[in-house]
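In the two assemblies presented below, subunit A is common to both, partnered first by subunit B and then by subunit C.
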Partner chain A sequence: MSIMLADLETEPVGQQESAAGATWYAFRHNPMGLVALGLMLVLVLVGLAAPLIVHYPSGFTSDVLQSPSSLHWFGTDNLGRDIMAEVVWGTRISMTVGFCASLLAVTFGVLIGMLGAYFPRADTALGMVVDLSLSLPVLPLMILVAALAGPSLGTIILVISFFSWPEVARVVRSQALSVVNLPYMDAARVLGGRHRWILRRHLLPAVAPVITVTVVLTASRAVIAEAGLSFLGMGDPSSWSWGRILYESQQSGSMTSAWWTTLFPSAAILLLVVAATLIAIAYNDARNPRSRED
Partner chain B sequence: MPPLAWYALRRVAHGLVTLWFAITITFLLLRLLPGDPATAIASTNMDATMRQELLTKYGLTESLPIQYGKYLVQLVQGNLGTSFSQSEPVSTVLMARLPWTLLLTGSALVVTVAIGIPLGVVAATHAKGALDRIVQVVGVVGQSLFVPSVGIFLLYILGLKLKWFPIGGAHDENVYGIAWYLNVGWHLVLPCASLAMVSLGSYVLILRSTLIESLGEDFCVLARAKGTPERIVVWKHGLRNALLPTTTLLGLQLGFMVGGSVLTETIYAYPGVGRAIYESVIRLDFPVLQGAFVLLAATVVAANMITDLAYGLLDPRVRTA
Partner chain C sequence: MSTQRGAMNLMKAQRLIRVCVIGAVGAVLAACAPSAPPTQSNAAGSSPSDTLTVATTTDVVNLNPLLGNSRTDDWVTDLMYPRLLTVSANGSKEPYLATKWGYSADGKTGFFDLRNDFTWSDGQKLTATDVAYTINTIKTQNPKGNVVSGFMSNLGKATAVSPTRVELQLNKPDSIVVPEIGFWMTVVPEHIFSKQAKIDDFANASDWVSAGPYRLSSIAKGQSYTLDRVEPYPMAPNGKPTLAKVVFKVYPDVNTEILALKKGDVDVIANALPPAQVKDLKATSGISVAEVPGLGFTHMTYNMKRKPMDNVLVRQALAHAVDYNSIRAVAVQGQAVTANNSPITDSLKEFADPTLKEYTFDPQKSKALLAQAGVSNLKLTMIYSLQDPVISAWSSMVKDSAAQAGITIDLKGMDRNTYLAKTVAGDYDIYAGSFAIMDEPVSNMALQYLPDGAINYSQVNDPQLTSLIEQAQSTIDKGKQKSLVQQAAGYVNKNMIDNIMYVQNLNVAYSSKWDGFITKPSELLSIIDPASLANIHQK
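And now, the complex of A and B:
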């Protein structure tokens, strides 16, 4: 007895921290994850502070297709608009679409994934729908719907989230399946807990770590999807997004003569997606005690 | 029934169900969304009798279940409807383009695998080493690339600046015989490279982790213990087993690749189904959009079905699963 007490007393402080604390501790000591997180924060800031950084790019000027200079850091497009202004305002729109679409898709996907794992009877049907939607070429389907519903920001967000939730549901379902038969779930049932209580207080916390990663990855995929739709002319014509800059460059033909009209929006997309991927990887590494020791 | 036949039958049934799902979902989406095809083809400002005539011509006056039934019957007969803008059967418009899309995605798939396997093997055999790190960085960046960006840069540098490759189209006019095939291949290089670069990243990463896992399994340990050269352990024992699950994922990735081909074909003015989608979007030609999706979905389903069947032949374990 005394030995056990002594053991408890000498236990390192780190061991008594919460799991979240340990994860954050490991995450902070991974330079890759920190850089990626910093990059993401900068992008979010740029998006939020767009009006403070540059004026909204509108109207025409005579400075047509100027290469990057001290006056126009990223050059100008075929109508003389400042590309940097377009990219900065594009950050705002692209990230809004990514965030909103991801939020909707993850909410719905988590719900379906958890219900599927928890109610075996519903699982067959839900799993089938998820499997089927995952094996279809999504972009052509999104184009079809976006073309029908008419180009607007709301449409784009809805369309992207509508076709992104099956992926989330699949991931959440497989994680939830490994938990539903654990003894603590049985205990919750034996206690006479209602389904809603068990789902909320027992199953949701178990899948929460997966959700964190999924939110980031779904958002970055949504940004890519938005860029793809906008590039094909299905974007909202009244707001700037990274995909729309590329679309205008391709439509006006300046993509063949002015590299700066395509380089900067492309770099922005790449930065965001790489940052999101690295955050997800670093978070997974930090959460996994095995890779933490490396 | 022998397990292989039973397995094949199940796969085919699964493929057909997937296709039915795709067809039904497009039908419902097209009819239930706000901008329905009736207003797209015949604006409500039109002369009433003329509008009625148009709607009847395209079969848009009947009730939904009847429209659905007719639509299914027509599809089974290979009839995808009539294009709004070209007054031609959709199947004629699209079938002329399908071979180009198949050529593009097929060759991009082959290139992905041909480059992906050596890269994945190098990374897995040097796990945690410098080479592995490099491959991982390439994988993560590759996975994050935006198809049009890659396409535009390859076009700009290799097509416009260096003039090594043509910047658009599938072939030149007035070229015949063997020269035609070479010409087609030459036009294919840039679109195919754009598409392959984007799909390479995730393929390499998946292959790497599967291979690392498989190299740690008992049969590889045994092979090493027997004194088998490491090269043979990796390529013959490890890779062969790692390739199986990787191939299934590749099949799933095909849907993503078909989406990428829409973007690639748009940039390079490549005359495939994707380019038809792009052109129909501008003209709001819904029958073509719908037909193109059904056709692409059918292609993906067929490709997955073939992969699965080949799988069943190669790996007896799959048949009973």
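And now, the complex of A and C:
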């Protein structure tokens, strides 16, 4: 049996490459997707290369609330710090939070979603947990948990992921439900495949496209959630994020008199969210043969 | 075929809608400068010439002035319930309801002589009975959050010996009882409040009776509080307060308040402006900015119950690792003066010791002191309230300057309730905060530095300091008291028991169409003190 399973693990590589290739072909022929991917890559590069672009924004200067100029492209804040430096370094933290929170939420959500779809007996209980979690007032609870746990990067990541996984679980479950009763899944069971093997080798690849889209969207939602929590003062005061820049602007009363303190971090959030959403849409279209033909 | 095309069109439309929604969300974020809430009664920002609209960022918590209050509660109730004394810019007490106050020769009896021309709005005279009732109720019931009870440890009882004189029996001479009760306590009507068996249960939410210039007439919880003129009010011109109505409107934050003031929806912003906004508002046409003298201070305390802050060398090292001048110049925008690391600041001219000096910002000296104390890799957490924008701003400056001395400070900004809970529990290494009014040197030092002091945030228990403060507390001889207070302040400075950083002069903004404001110290009194609002008028 083990030989047979080993044989089963060998997949038709050429066929897989052609599916991926077709998806990539369709994706790169979609200008919207390519532009969004380019934007996302730029943001990732800015985050990774932050130390090469500007110095870490710390300390203070006497150039308080200076409007954008050749010296300070994005202007300065209420302590005279360069807002461009804050936005650049904020990219790193915001994207880290987005990536890590999304990873945690997707990992947990995929696990729960797949288990619910694969084990009908567990589905009711897991479904109830998911429904209950989805019915919770997320923002007040996030604020409460962040306030109780204290502000830190780890707390923010955990809080966001804790409240993000149910949506992932629901999407993955619905996709998995349409797969678990297909003949090739029955065939895997009849061949004596263990549950873990079937889940990993047959069900997970079937829901992978949904996961890819979910990862991107959950990450962008996590960035918004981080910005929201930081804007409410629940972020990590020791590291720069886009939400913290907005928070400091609000705290110093600069929103009405210094537009640059809100415009640039907001634009960064906007870029990330738009890019992530468009990538997800373009990828989904590329995976869909009907829209690919179109 | 047509169905398929329709479906494709629908998909495209959905995609377009999604992109539009994202764009709209982005636009909202990009333009996240908040807008002012709509006006309720005044169209197009105009207001009648005898109505003053005051903006505040904190809602009313309760309207019983004997309970712990938010700042807005104080502003509203101060317009209805008079204090015995008020305070001048240099911290000295001035008459309000009381005309004279003091102690008997043996110091065991305090007294207040009262004006006889105050009347409650329901027609009852305000007499010494109301004052005695208020004092005795606070003493016996210790209402929740009431700060006055903290000054009453040596008070026996208060007695109305005549309609205009109240006498306070003291268990032993205590110089803080009369001035602190006189300033901090608001007098309530006995014939209303005595109907309540337990004062903590009395919300005072309707049928208000006032002896101030205005009386609450309607409330819209979380939105606005309207007060109507009360006549006669003896401290107004011809007994008639100049305004027909005062309306307090609650705004979500200072940004919306500033927008509302610029738009003309409000006439005054009651809370202090963030320092960085003062210059801009001063330059705005139609808006005036009044400077309110500071009578409190901003400080950091080092928890002396925790190691290694119990070591004076470590505390001195921490004090040398703060760039005081830069904090005052940048974070407070030059709107603060040094406190010389003394709890008796120059605002209290009568008691201040001019020989005390501020610790210099000297990271090398700080490192040397730490080495001398045998401490390395010092890592501490600092708590502060996120509701304090100035401290939130300079907290990162403290962290950065401490890093130059090799000290790591982990910033823990937190919401006010968590901050207060941690403060009460003593759960911090460094505490950063500020006091609005420190008007009486002896009582302030007793509260801050006696082992059981209500605001002993240094967690200090030093027999030498305790002895000096207790001696100052038990004498009513001004000269002796001054000497003891100065010794205690010098002890605090030398041993860095409390890092008092600056006295901030606050700024409040108002519409230039108004004139005649009387400025009192601190945000609590400011330009909306009853004496001020009973006399202002439009230009």
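The working rule: the second predicted complex is superposed on the first by the 277 of 294 C-alpha atoms of A that agree within 3 Å, B and C clash if a C-alpha of one lies under 4 Å from a C-alpha of the other, contacts with A are read in each partner's own complex, and residues count from 1 in each chain.
Please note the rule applied: contacts are C-beta pairs under 8 Å (C-beta built on N, C-alpha and C of every residue); 3 or more make two chains touch, one makes a residue touch a chain.
For clarity, every value in this text was computed on a predicted model and none was experimentally measured.
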Three-chain arrangement built on subunit A, subunit B and subunit C clash or fit: clash
Subunit B versus subunit C as contact partner of A:149, first or second or both or neither: first
First, second, both or neither for A:237, with subunit B first and subunit C second: second
Which of subunit B and subunit C A:126 touches, first, second, both or neither: neither
Which superposed partner A:228 touches (first subunit B, second subunit C, both, neither): first
First, second, both or neither for A:270, with subunit B first and subunit C second: both
Touched partner set for A:138, first subunit B, second subunit C, both or neither: first
Colliding region between subunit C and subunit B, picked from 63-71, 243-251, 279-287 or 297-305 after the shared-chain fit: 279-287
Intersection of the subunit A residues that touch subunit B with those that touch subunit C: 147-148, 150, 233, 246, 250, 255-256, 259, 262-263, 266, 269-270, 273-274, 277-278, 281
Interfacial residue positions of subunit A with respect to subunit C in the complex: 58-62, 64-65, 78-80, 147-148, 150-151, 233, 237-238, 246, 248, 250-257, 259, 262-263, 266-267, 269-270, 273-274, 277-278, 281, 291, 294
Subunit B partner contacts - residues on subunit A that touch it in the complex: 132-141, 143-145, 147-150, 220, 224, 227-228, 231-234, 246, 249-250, 255-256, 259, 262-263, 266, 269-270, 273-274, 277-278, 281
Touching residues on subunit C, where the partner in the complex is subunit A: 8, 11, 15, 18-19, 22-23, 25-27, 29-34, 253-255, 258-259, 262, 273-274, 276-277, 280, 326, 329-331, 333, 386, 389, 392-393, 395-397, 399-400, 410-415, 418
Interfacial residue positions of subunit B with respect to subunit A in the complex: 17-18, 21-22, 25-26, 29-30, 33-36, 40, 140-141, 143-149, 152-153, 155-156, 160, 167, 252, 254-256, 258-260, 262-263, 266-267, 274, 277-278, 281-282, 284, 286, 289-290, 292-293, 296-297, 300-301, 304
